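Below, each structure is written out as structure tokens.
The two complexes that follow have chain A in common; it is paired with chain B in the first and with chain C in the second.
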Partner chain A sequence: MIKSLLYKEWIKTRWFLLAIAIAGAIIEIYMFLRVGRSIRLVGAEHIWDVVVNRDQFLFYHIKYFPLAAGIVLGLSQFIPEVIDKRIKLTFHLPLPEKTITSVMTGYGFTVLLALFLIQYVSLLAGIRSLFAFEITVTAALTLLPWFVAGICAYLACVFVCVEPSWRMRIPNFLIGVAIIRTLFISGFPGAYIKMSLFMIAITVMFTLFLWLSVYRLKIGRQ
Partner chain B sequence: MKTIKAILIVITTLIFAWVLPWIYDLSTDTPQNYPFTYYSSVAETFGMRKNIDGETVLKDDRGNEYSEAQFDSILPMLYYRQLARDGHLPDSLHGVDISQRLLSNESFVFRYRPRDKNSPSIPLYTLIESMPRRVDLEMPGDMFRLDDEIQFIKPETNTVDWDKSSYFNEMLNRRGFVWPANIVAGNPTTRKSYDEGYLITDNNHNLYHFKMVNSRPYLQNIELCEDVIPVWLEVTEYRSRNYYGFVISQDGRLFVIHTGGYRVEEIPVPSFNPQTDNLLIMGNLFYWNIQVTTANKRTIYAVCSNSYDRVNSITFDAPDSSDNVKKGLFPFEISFTSSNDAYVYPRVQFFGFYYLALSLLLALGYIVFTKRANRAIDYFSLILIALTGFIGVASVLTVGDLKHV
Partner chain C sequence: MDTVIECRNLTHYYGNRCIYENLNFSIPQGRIVGLLGKNGTGKTTTINILNGYLQPRSGECLMLGYRAGMLPPTVKQKIALLMEGHVQYSFMNIGQIEKFYSAFYPKWDKAPFYELMSKLKIAPSQRISKMSCGQRSQVALGIVLAQNSDLLILDDFSMGLDPGYRRLFVDYLSEYARSQNKTVFVTSHIIQDMERLIDDCLILDYGKLLLQQSVQQFLSEFKRYRLVSSQEPDWRDMPVVHPEKIRDKIEFYSTSDKKTLSACLSRQNINNQLVEESLTLEEAFIGLTGKY
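Presenting the complex of A and B:
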């Protein structure tokens, strides 16, 4: 049964996942082409100087990509479910609702996390090949909140989409926007170094909140 | 599920405590400027430029008002270019022959903001040749790190230059440098007239002057009093070449390091808080204007630039920024950024208990409303409203109370 559920999720999301993977690869290639060109034109020393002494982050093009990816995956997975309340049919399967929702959300969360990990690690590996370890560490700290925002955006999509009433969908949406906004307040390299606990906390929070939407759907709130 | 709903209500309250005060500030903020103040080496008093209702008023500390030309004349150390152009620059002052060139060379500005210190930075540094063969300074082609040893990294290949690193390491170790470095301060740019390298403290807070001369390392220990623990160093590289740099100690004292013998002199201004207070020094041939700005006031000290005797000071209280409406509406506000640092993290500022009157009124209103609607009182929401007032009400109205999951 769970295998079938996972297969259903795969059918719904496969093209969107492919699009996210391709778009991510294109953005990464584009960023490295740009930086590579800059290095060829003005020399690596000048580029290092700009990064170290003028607090410039060169890989900012990817800033909103994880956010968009999280939203796309969340919508691709749950919009078909909420149209005509099809998810209610899913809940009639001979499995507890908690298991069904866990499988659905767990699938999306896991594949998104896997995609983000591949993109994050490959990006850092590329940065490390061009820059010193210290610059790579700062890049990792600068990129991290953007990828966490992608994960949170996915969970927030579930939180909003599964909610059965528009009266609560709108507040849920605004709460999601406000919390995710905290991850885009500053673009200063390394500014979020003191936010690691906060980032874990908001991910856990969104996971809890989506259960509230599932519960409200289950008890038939209108 | 009630627990999750309770968390949602609390989080919504916290979001409102962030967003609503921000919107309030956005719609009510007004500029709060101190008058520009500079010590007159002619009138021996502070000249002030104030903006009163859109009008610029030029006056001194004794209450005398000036025209613009008169104001230029009492502050020749500041407006020497204007005076020279008008042909009014005096030939001498206090027995010293002056010229535009001399005044330009002796003038400097040093600014310290807590944000300078409290910002994430990448611990890589550029060591420029201090005695270049050519006239202009040139980038060295590498950067160095100071962890457990000094390592020069070549950006072109992203590899360590082991030969240069071991050559420099040997000298630093011989001089007793205790790894790792604590503070590393310099001006890694070629857009300056000369290079004095870096001021560095080692792990034992010993202060060193470190630079590269003829491709060789130069490391000079600078004696500080035992009780001085530097928290901020600044290499000055001013045109006058009178100073190597400034030192700000952990307890907020200010020191200057002189060229020629590395004499360290304490500047006699009261200590300030390097975590929160701003410091600005506008120095000239005769006096340093040392401006210390705290949250509540700004004090400008006039200090003789030769003897460092404090000759005068003036204090301005901060323009009244207390906003009783804001305090009455919100018990606290959450912000994620501060002008004192470049980090993002939640910071809570409490406004006291001014909001209690409104919050109790709102709590009472909530009881009356629920009774009239023939609904049971949700005590969680009631307590939340009583504790947080306006933002609690906004939160309950947005996501509902605990009785209705």
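Presenting the complex of A and C:
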């Protein structure tokens, strides 16, 4: 049954996942071509100077990509469930509602995490091939909140979509935007170094929020 | 006979609007029962309460002995649901949806599903979202039948279907349910289709249940009467519903026999060349619930 539920999620999301993977690869290729071209034109010393002394982060083009990817995956997975209240069919399947919700959200969370990990690691590997280890670590910490924002955006989409009443969707949406906004307050390299606990906390918080929406749907709030 | 569905003292409001109060009914095993009512009388509300998607203000519903909304997965496997509008996973095609559902139901029988699908002129890879409303209804029905469940709940199955598809749906379902001794609980506001399908009817009016009876008994007892008279009878003394007088033509409905009604009219000195008419289920429904 779980396999079948995952099959449904796969059918809904496969083209969107492919699109996210291709878009991510294109952005990364573009960023490295751009940095490589700069190195060839002005020399590696100048680029290093820009990065080290002027605190510039050269891979900022990917900043909003994880956010967009999280939203796209969340919507592709849950909009079909919300339209025509199709989620009632899903909750009528002979599995506990908690299992159904966990499998559906777990699927999205896992595939998004896997995609992000591939993108994150490949990005850092590319950065490491051009820059020193310390710069790579700073880049990792600069990129991390953006990818966490992508995960949170996915969970926030579930939180908003599954909520049965439009009146409550608006505050849910605003809560989601406000919390995710905190991950984009500063683009300064390594600005979020001391906020890893905060990032974990908001991810957990969104996971709890979505259960609230599931509960409200289940008890028939309108 | 075992009771498959039981609702006790069910009361529900949307805001201040009463949908019904103290609704009581039960559905025995092996019967095809139609929940009939005009729009807004609470048919879908009842289905939603039964499936646990809505909590009533008070009262309780039991399905196969378990409280609605708290059905264990093994019981859910015995209940097939057809949602209003034949909603299904429209992002799937026929093969995908059959594969998907078959994993959930131990008694899954794909034969009736593919038999119905063979009647549709569609490509196997065609997505359900690209099908016509009638074709989608057959996919939804096929899935419900293939589940081979003990109880089938069908919410407003006739919505959006042309007469041909409605007839196909009713005939197929009726044949299936009777041959397999299934219990079917079906709602609709298109009554003409129901006469071919249901054994018993529950008729809901705004706020209350008007009737729970077998269709045969209802139609044998509930008649329409006509007479021509310039004088309007005093209806307060008569066991009639929804009397109507247009010029000198009088029409009313009653479960009383012609002799009793004629005696009532005679007492009021009204010429009573009373004409008794048997009714179809649709006419009887309108007679009981009124035109407005």
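Methods note: the second predicted complex is superposed on the first by the 222 of 222 C-alpha atoms of A that agree within 3 Å, B and C clash if a C-alpha of one lies under 4 Å from a C-alpha of the other, contacts with A are read in each partner's own complex, and residues count from 1 in each chain.
In this section, a residue touches a chain if its C-beta (ideal position, glycine included) is under 8 Å from a C-beta of that chain, and two chains touch if they have at least 3 such contacts.
These numbers were taken from a predicted model, which means no experiment stands behind them.
**Student:** Assess the superposed three-chain arrangement around chain A: do chain B and chain C clash, or do they fit?
**Tutor:** fit
**Student:** Quick one: chain B or chain C, who's touching more of chain A?
**Tutor:** B
**Student:** Quick one: is A:Ile27 in contact with chain B, with chain C, with both, or with neither? Answer first, second, both or neither.
**Tutor:** Neither partner.
**Student:** So, A:Leu75: does it touch chain B (first), chain C (second), both, or neither?
**Tutor:** A:Leu75: touches no partner chain.
**Student:** Rounding to a multiple of 10°, what is the angle at chain A's Cα centre between the Cα centres of chain B and chain C in the superposition?
**Tutor:** 140
**Student:** Return first, second, both or neither, reflecting whether A:Thr182 touches chain B, chain C, both chains, or no partner chain.
**Tutor:** Only chain B is touched by A:Thr182; chain C is not.
**Student:** State whether A:Leu130 touches chain B only (first), chain C only (second), both chains, or neither.
**Tutor:** In the superposed model, A:Leu130 contacts chain B only, not chain C.
**Student:** Taking the superposition as given, does A:Leu212 touch the first partner, chain B, the second, chain C, both, or neither?
**Tutor:** A:Leu212 contacts chain B only, not chain C.
**Student:** After the superposition on A, what does A:Leu113 contact: first (chain B), second (chain C), both or neither?
**Tutor:** neither
**Student:** Please work out whether A:Ala140 is in contact with chain B alone, chain C alone, both, or neither, and reply first, second, both or neither.
**Tutor:** neither
**Student:** Quick one: minimum Cα-Cα distance, chain B versus chain C, in the superposed arrangement, integer Å.
**Tutor:** Minimum over all C-alpha pairs of chain B and chain C: 13 Å.
**Student:** Using the touch rule from the top, collect the residues of chain A that touch chain B in their complex.
**Tutor:** It comes out as residues 43-49, 51-53, 55, 129-132, 134-135, 138, 141, 168, 171, 174-175, 178-179, 182, 185-186, 188-195, 198, 205, 208-209, 211-212, 215-216.
**Student:** Where on chain B does chain A make contact in their complex?
**Tutor:** Residues of chain B touching chain A: 1, 4-5, 7-8, 11-12, 15, 18-19, 119-126, 139, 141-143, 145, 153, 155-156, 158, 188-189, 336-337, 342-346, 398-400, 405.
**Student:** Inside the complex, what are the residues of chain A that reach chain C?
**Tutor:** Those residues of chain A that touch chain C are 1, 3-4, 7-8, 11-12, 80, 84-86, 88-89, 91-96, 217-220, 222.
**Student:** Please name which positions on chain C make contact with chain A in the complex.
**Tutor:** 14, 48-49, 51-55, 69, 73-74, 76-77, 79, 81, 83, 85, 87-92, 96, 99-105
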